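These are the structures in question, set out in turn.
Below are two complexes that have chain A in common, paired first with chain B and then with chain C.
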Partner chain A sequence: MKPREKTTFWDKVGSIDNKYLYAGTIAVTMLVIFSGIPPIIAAETSWNIQKTYDYINTLQEGDVVIYSADNNAAYFLAHIPGSIAVLRHAIQKRAKIIMIGCFLIDGSIMTKLIILPQIQSVLTEYGYEYGKDWVMFGFITGGEAALSSFYGNLQMMKTDVFGNNIEDLPVMKDLHDLNDVRLVIQGGVFVRQQIRQVWAAWDKPLINVGLAGAAAWYPVYVQAGQLVSFVHGWPGGAEYEKLLGYTGMATMGVNGLSVLWMVTAVAIIIGNIGWIGKKLEGGS
Partner chain B sequence: MLLLDMLTYALVVFFLISIWSFLIKDNVLFRFAQSIYVSVAASSLTVMAISSIQKVAFTPLIKGQYIYLIPIIIGLLIFTTFSRRYIYLSRYPICIILGVTIGLTIRGTITTSIVGQISTMFRMAKITTPMATFNSVVMTIGAVSAISYFFFHFMHKTQGGRIIQKIGRYAIMAAFGTQFATRIMYIAVFPVNNLFYTFMTGPPLGFQWVSYPIVIMYLVITYLVLRRTK
Partner chain C sequence: MSFVRRELPLILGGVLAALVITEYYVIIPPLTMAVSTVTEWISIIAGIAYTLGYLTLFKYHYVNVAKRKGAWYINIICILLMLITVIVGLGLGTTSSAYEWIYWNLSAQMFISTATLNCFYMVSTGYSAIRARTKEAGVFLITSLVVLITFTPLITTLMPSLKKNIGDWLVGVLNTGVVRGITIGIGVGTIAMGIRTLLGQEKAFKIAAEG
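Take a look at the complex of A and B:
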């Protein structure tokens, strides 16, 4: 009879059921979120957030800004705080806002359901009137081709998301194409497509409000001059909220995020140590 | 209105926890939530598409811009896919869509993804501070050796070529490691976002308290199910 293999410590570490890891991670994160610990945000603002902030600070009253929500429900929450902060800043500079959605249908729905209620107070505070200072066109079907058409002819959408005719929207009166727009802000992950249609086709500035991973992916576009700057998910949103001087969703949730990343890193390190330990013992 | 908001929020919490219950075990509530999600996504896409066609095509047509009849007819030709006799007509709209998409993509890709990125790599080579110089050297060597690994297969015949390709392999592995790390980082964000939005913020009227009985109910049901299946 074959002798039973001795179960080592590393075997036990490697055989922990995933559901216990998930449950433990979520429990720790929720504990931190509900604990009421004050948010811990880096003292120094990231270069990309400062660059975004400085650029939006140069907006003048009446400048037209297009906000394109190109995300689905799964990713949307990741860039909401950044989008809200950037839009609040643009509203404080009294820019005209045009909201659209492209590539993924959920973006425009989530803009209406989540972003709009959050910025409503700022719109009211600055006396923004729908149709005169801001407008929402909703989802534009057709992907990059539709986006290209829209940027080439801003009068393409004959009605807005609420059913108003474009002729009844004074903000769209003198807008023909992207030459009449000062800045495009994209909330989503379709950066390459937007760079092609905004920077390459029209040589217009583009700011991306994306996921936390954007901090590693998008500097190359900024260095190439194709992107003005970007806001990287919740950490970026928290830093932007700090610059604007208000406590938003990102600031309140940043502790939970940090803890989750730490727990994930610790789990990966333990996993790697376990693998190395097994290798050293002669296991496979 | 208040009741409707509360009900909406309760449904949000219910579906969120139903989807996450898959982490424990596949169960009927997860499958129910999954089916609801797929059906709602499909139906909302259909509604959005019809609304878009109405806005972009039918509204101007009704206002007298008859030129829009041409793209409407070409678009309708796609439905000839269902006819064995006229299926060849569906190739026209498909070709037009493909041609336009490829044209738009290529127009921008060469400038942005190829020429733009390569010229930036060389422009970024700075010899200012020691750190900037080190970064420039590492970046240039890494980029050139990684590209040579794929393109110059003859290099493995010489000693120097093999060293360059080895450096290229390590550079590629470092890049994949970074990709993996950032992917883990942003994927890990989603549960926090959902937890926070659901249990801390919720709709403006503050229905966070609705979530607690639902969570407790779920925990009780999970405990009873797990106890029964032991």
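Take a look at the complex of A and C:
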């Protein structure tokens, strides 16, 4: 019978059971969230957030902005706080807003359930009237092909999401195609598709509110001039809210996000310390 | 039958693809109008595809219930929820409070719960999988740790120069070059895949055509 191998310190460090990792993650995150520590947002604004903010600042009263809600419930916290911040800013500039969704069915429902209540105060403050200053068309089936059709013919949808005829919506009166639109904002991850249909087909500016993780891909498009800029998920949303001077969903959750990322980094470091320690001891 | 299954879809696909590609490069008003109409049809076809997908899923669950296969009682719940959602959506509209209640309290919560589990998997996968077993893995480990740490809001507040000098350089310079190459590769691959599909050389099409 083989003698049992002695478990060394490095073995224990390198093979912590998942339940302890999960328990530790929950404990640390809850501690920070309920500790009452004020939100800690980056002191210096990221270059992409500043660029997005500066571009939205150039909007003039009456400029038409299309917001394409292509997010889903699973990642709504990544897209929606940033989308809310950008839309609030566009409303403060008195731009006309058209809301659609082409890639995910959830997008339009999430817009109505989450985004609308959050921007309602700004809509009221700036005297926005539905149909005259903003409109929601909901989900348009067909993905990129539907996007292409809509951008080529903005009168394509005969009714809005509430059943109003397009003729009864003054905001759509003089809009024919994307040439009449100043800016497209996408809240989602379908950047390439939007770039093809907005920049490549119509040479129009596009801003993306995407996931923080996908921000590794966006600088490529910004440098190529295909994307004006982007908001990188939750931390980006928090920075944008700070620029606008209000506390939104992103700001409220930024401490929890910081802690979670740090816990992940610490877990990676501990795992490697255990593995390297065991390697140096002569184990496999 | 073979013509209908194989040659006809290829001819249709080829002609429409040629029209759309030509319209992109050559401005001929009647062609632009024709392509615009065709792309509008796609919205209708996509709607039909969604309906077909729904009916296929319904059939799958129904067969499981009929044959009492596996956990068939869960299939009954699926069927009931599918029917209720469709009836409420079609009857009261997708903007009705009932439909929104179903979406937010059932579907959305399940999506959010599943996505939230990712945070735990992130920690456990980071702990067990991201290890410097080779030199390349070591470089990957160090780079990912540096980007993770420098982009954390807490760290960027305490040490803003870390993100500006290291994190942004890694993502904006080093990473961008690599992503450009990958994006071009994806583009070339997509074109090759499109040509194969239009010529009927794709495996899935061949299987479908042979029935």
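One rule holds in what follows: the second predicted complex is superposed on the first by the 282 of 284 C-alpha atoms of A that agree within 3 Å, B and C clash if a C-alpha of one lies under 4 Å from a C-alpha of the other, contacts with A are read in each partner's own complex, and residues count from 1 in each chain.
Here is the rule we use: contacts are C-beta pairs under 8 Å (C-beta built on N, C-alpha and C of every residue); 3 or more make two chains touch, one makes a residue touch a chain.
What you see is a predicted model, and the numbers here were worked out from it, not measured in a lab.
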Output check: A:Met252 vs chain B and chain C. Expected answer is one of first, second, both, neither. What do you get? first
With the two structures laid over each other on chain A, which partner does A:Ile66 touch: chain B (first), chain C (second), both, or neither? neither
Applying the document's definition of touch, where does A:Met262 land relative to chain B and chain C: first, second, both, or neither? second
Using the touch definition from the top, say if A:Gly143 reaches chain B (first), chain C (second), both or neither. both
Quick one: classify A:Ala212 as touching chain B (first), chain C (second), both or neither. both
Touching partner for A:Ala43 - first (chain B), second (chain C), both, neither: second
Does the superposition put A:Arg196 against chain B (first), chain C (second), both, or neither? first
On the A-aligned overlay, A:Tyr22 touches which partner chain: chain B = first, chain C = second, or both, or neither? both
Classify the contacts of A:Trp275 with the two partner chains as first (chain B alone), second (chain C alone), both, or neither. second
Common interface residues of chain A - those touching chain B in one complex and chain C in the other: 18, 22, 25, 74-75, 109, 138, 140-143, 145, 148, 156, 201, 212, 215-217, 220, 223, 257, 260-261, 264, 268
Quick check: in the complex, which residue numbers of chain A touch chain B? 18-19, 22-23, 25-26, 29-30, 33-34, 74-75, 77-78, 80, 105, 109, 117, 138-145, 148, 156-159, 192, 195-197, 199-201, 211-213, 215-217, 220, 223-226, 233-234, 249, 252-253, 256-257, 260-261, 264, 268
Sites on chain A touched by chain C in the complex: 16, 18, 21-22, 25, 40-44, 46-47, 72-76, 106, 109-110, 112-113, 138, 140-143, 145-146, 148-149, 152-153, 156, 161-163, 201, 212, 215-217, 219-220, 223, 235, 238, 254-255, 257-265, 267-272, 275-276
Looking at the complex, which residues from chain C come into contact with chain A? 24, 36, 39-40, 42-47, 50, 93-95, 100, 103-104, 107-109, 111-112, 114-115, 119-120, 122-124, 126-128, 130-133, 141, 144-145, 147-149, 151-157, 160, 163-164, 168, 171-172, 175-176, 179-180, 183
Mind listing the chain B positions that touch chain A in their complex? 23-25, 41, 44-45, 48-49, 51-53, 55-56, 59-60, 63, 97, 100-101, 104-105, 107-109, 111-113, 116-117, 119-120, 123-124, 178, 181-186, 188-197, 199-201, 203-204
